[in-house]
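Listed after this line are the structures, all set down as structure tokens.
Next, two complexes with chain A in common: one pairs it with chain B, the other with chain C.
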Partner chain A sequence: MIISIASGKGGTGKTTVATNLAVSIESGVQLLDCDVEEPNSHLFIKPSIEGTRIITTPVPEVNKQKCTLCGKCADICQFKAIVVIADTVLTFPEMCHSCGGCMEVCPEQAITETKRELGVIENGHRNALEFVHGRLRIGEAMSPPLIKKVREYTRADMLTIIDAPPGTSCPVIASMKNADFILLVTEPTPFGLNDLKLAVGAVRILGIPCGMVINRSDTGNDQVRQYAEKEKLPILMEIPFERRIAEAYSRGEMIVELYPEWKEKFRDMYNRIEESLQI
Partner chain B sequence: MTTSKIGSEGTIMKIAVSSNGKTLDSQVDQRFGRCAYFIIVNTDDMSFEAFDNSSLALGGGAGIQAAQFVASKGAEAVITGNCGPNAVRTLNASNIKVFVGQSGTVRDVIERYKRGEIKPTDTPNVGEHHGMGRGMGMGRGKGGGRSKA
Partner chain C sequence: MKELVVISGKGGTGKTSLVAALASLAENKVVCDTDVDAADLHLIMDPETRKESDFQSGHKAIIDRNRCTECGLCRDLCRWDAISTDFVVDDLECEGCGVCYYFCPEQAISFPLNTCGKWFISDSRFGPIVHARLGIAEENSGKLVTLVRQEGKKIAEEKGIDLIITDGPPGIGCPVIAALGGASAVLVVVEPTVSGKHDMERVVELSNFFKIPTMMCVNKFDLNPDTAEAMEEFGRERGVTIIGRIPFDQTFTRAMVQGKTIVEYDSTSRACDAVTELWKKLSVALYEL
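Coming up: the complex of A and B.
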């Protein structure tokens, strides 16, 4: 089973929920941090890193001796990654989406593959918990290809918990697609509600069952709860705005390890998700 | 047709200027790839044509496409405010001279060029995505809760 932890708004507590949920389950579980632009689950999980892989994506390289400047490659490219201008052909590797179209249409077979580095994937363990995350190369604009590579570590025989990036754009979709359940973490503020609605819209398009966690639940107002009721979104957990929780977070400590009652709450939440999917 | 000697740059006649409006009295748009209009001026007689910039709304590659556009119109030089690396590479490949860091009206910058007061560059003066501005959805929201009183 795959559970993606997402949110519209950033800073609502996705990582707190993802890491504490993963640690609460203890065995048969893996955590994939797909927030590759700024992964932070490892700050709490503190895994032993056992493997590091550099991930690349194919980009075109043109043999200028063979090129006749016909321009077919530039016509098919939707991203201006290959351009014929004046008496030359230019490639812009950082614009390339690696579709391979230019190589396919080149009548002279003048285009071959070279590589652009997307970032690295590191994997390891914390006790029985399997941990994987991606780190996007600084300067790299496209994160979905790296996120997809992180998700290739998904094991069918395990519970997979995905820490998704914030927002509703392509990296978030890449982190939610094909999940069995989406857990949306929100806060009871107008900003939280606004972005929650956007996230629910995206989840509904994907057609994946979802539920909510309200973080800092004793702040703000009641509008998020009213919205949840109206939209029939189950509220699976509420985390109050407690100083001890904030302090644990600020030190990179796990709430479920400091306060065992929270381990029970996270396990209960998991059981409720599992039950809801069996009905 | 006569070709007058112009400034220190010889005989360039067609110059593309990024502009906020459609006349010689419009202001130079500081963005190249995402300017509102291109005004292509014939320095010989100051006749000109204004074109909408179709790259303005492009998700990415606006500088490259804008460079291709001015090349297709036969411009031999570009005068603008800021020009990023992809646009500069494309303009260089087309042997189009690039003058950056300019402001004022289109007429002003053409006159400055004619007097030989501005120098071309072959390096970008801003990074990629510089002209994308705020509100393009590139940012990430990060917020914390405020402590209860």
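Coming up: the complex of A and C.
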């Protein structure tokens, strides 16, 4: 089963929920941190890292001897990653989406593929919990290709928990697609509600069942709850604001380790998600 | 004309709340909201739309099943597996590269321009604001960010306004890179947590890579003063100007609930004092750039 933890708004508590949930389930769990721009799960899970892979994407390299400057590569390229100017051809690897079109279209077969580094993937364990995260190279614009690589570590025989990035566009879709359930973590404020609606919109486009966690539940106003009721979105957990939890979070400590009664609450939430999917 | 771009690395550190407060304090400015994925600034700014435009960027492939002979060349060429076995293009997977469209022997594939959002030029009680909304699940957020900023600059030029304050997106990817390019100065709003520190280090590296004068402000600093200190030290070592600290104050949330900036809601609050102090230093720093 794959549960993706998303939000819309940043800072609502996705990583808090993902890490605490992962650690509350005894075995058969893997945590994939797909917030490759700013991965944080490892700061709480503190896994021992067993493997590191550099992940690259193919980008064009032009053999200037063979190139006749016909410009067909520039014509096909939608991303301005290859251009013909005066008597030379220039590539802009940072712009390349790796579609292979230029290589395919070149009548002289003058284009081969070299690589652009997307980032790294690290994997490891914390006891029985399997941990994987991606870290985007700083300066790399595109996160979905690296997110997809992290998701390749999904094992069908395990519970896969995905920590998604904030937002509602392509990185989040890459983190939510094909999940069995999406857990939306929100805060009961106007910003939280606004972004939650966008996130629910994305979830509905994907056609995946979802539920909510309301974090800092005793702050803000009641509009998020009203929205949840109107949209028939189950509220699976509420975490009240407590300064001591915020301070513990600031130190990289997990709620379930400091306050063990929360372990059962997270486990319970998982059981309810599992049940709801079996119906 | 100077543009201050406010980013954070980590989401939820208080960029938008702070930009709203600065909008209250700064006299003559244009405000841009470039968090196009999940724009929130309008909830406080309460803009009146003057101009609404479609944002068109990129293309999507559509297969005409009547012309398609199911030769399968498109499926072979597509690097995103976006074309199903019954020759339907999955919109969400389609990267808009045009390779299938280019090579289809039957010319059975059309490649229309994609409308993927809207952008707005509005008025508000704080002056002009340019904002946008990227369609849910869409790509090309970087291009929309660039467009918002360009429109902001146009307005600033037209009206003889010297300052643009840009609310940036979280992360370090394409929307953030698009928000930073050509900025006069960057303000990184951070929180004193292990996550906040980790993410700050990455976003400062990005900002320094672009060689943009960078300032930092630790929000909610009293949740962990030691970490706040360590982050400021890190910043200083990397040439970041520490411009202020804001205490954790639920007045921010209460103000947001009322659709007000913290300055409007409670100018006696500790947070408002801190923001006012920050603005004084910030305006001097911007003037001296």
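The definition used in the following text is that the second predicted complex is superposed on the first by the 279 of 279 C-alpha atoms of A that agree within 3 Å, B and C clash if a C-alpha of one lies under 4 Å from a C-alpha of the other, contacts with A are read in each partner's own complex, and residues count from 1 in each chain.
Quick note on the criterion: a contact is a pair of C-beta atoms (placed from the backbone, for glycine too) under 8 Å apart; a residue touches a chain by one contact, two chains touch by 3 or more.
Since the structure is predicted, the reported quantities are computational estimates derived from the model, not experimental observations.
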{"item": "Chain B versus chain C as contact partner of A:71, first or second or both or neither", "value": "neither"}
{"item": "Touched partner set for A:11, first chain B, second chain C, both or neither", "value": "both"}
{"item": "Touching partner for A:190 - first (chain B), second (chain C), both, neither", "value": "second"}
{"item": "Partner chain in contact with A:260 - chain B first, chain C second, else both or neither", "value": "neither"}
{"item": "Which superposed partner A:251 touches (first chain B, second chain C, both, neither)", "value": "second"}
{"item": "First (chain B), second (chain C), both or neither touched by A:173", "value": "second"}
{"item": "Which superposed partner A:88 touches (first chain B, second chain C, both, neither)", "value": "first"}
{"item": "Partner contacting more residues of chain A (chain B vs chain C)", "value": "C"}
{"item": "Chain B versus chain C as contact partner of A:100, first or second or both or neither", "value": "second"}
{"item": "First (chain B), second (chain C), both or neither touched by A:80", "value": "first"}
{"item": "Those residues of chain A which chain B touches in one complex and chain C touches in the other", "value": "9-11, 37-38, 79, 141, 165-167, 169, 189, 191, 195, 219"}
{"item": "Chain A residues touching chain C - in the complex, by the definition given at the top", "value": "8-12, 15, 37-38, 40, 43-44, 76, 78-79, 97-101, 104-105, 136, 138-143, 165-173, 177, 189-191, 194-195, 198, 201-202, 205-206, 219-221, 243, 246-247, 249-252"}
{"item": "List of chain B residues in touch with chain A within their complex", "value": "60-61, 64-65, 67-68, 71, 86, 89-90, 93-95, 128, 137, 140-148"}
{"item": "Touch list for chain C against partner chain A, complex", "value": "8-13, 16, 37-40, 43, 58-59, 77, 79, 92, 95-99, 102-103, 134, 136-139, 141-142, 169-174, 176-177, 191-196, 198-199, 202-203, 205-206, 209, 223-224, 227, 248, 250, 253, 256-257, 259"}
{"item": "Chain A to chain B touching residues, read off their complex", "value": "9-11, 37-38, 79-81, 83, 85-86, 88, 90, 92, 94-95, 141, 165-167, 169, 187, 189, 191, 195, 216, 218-219, 241"}
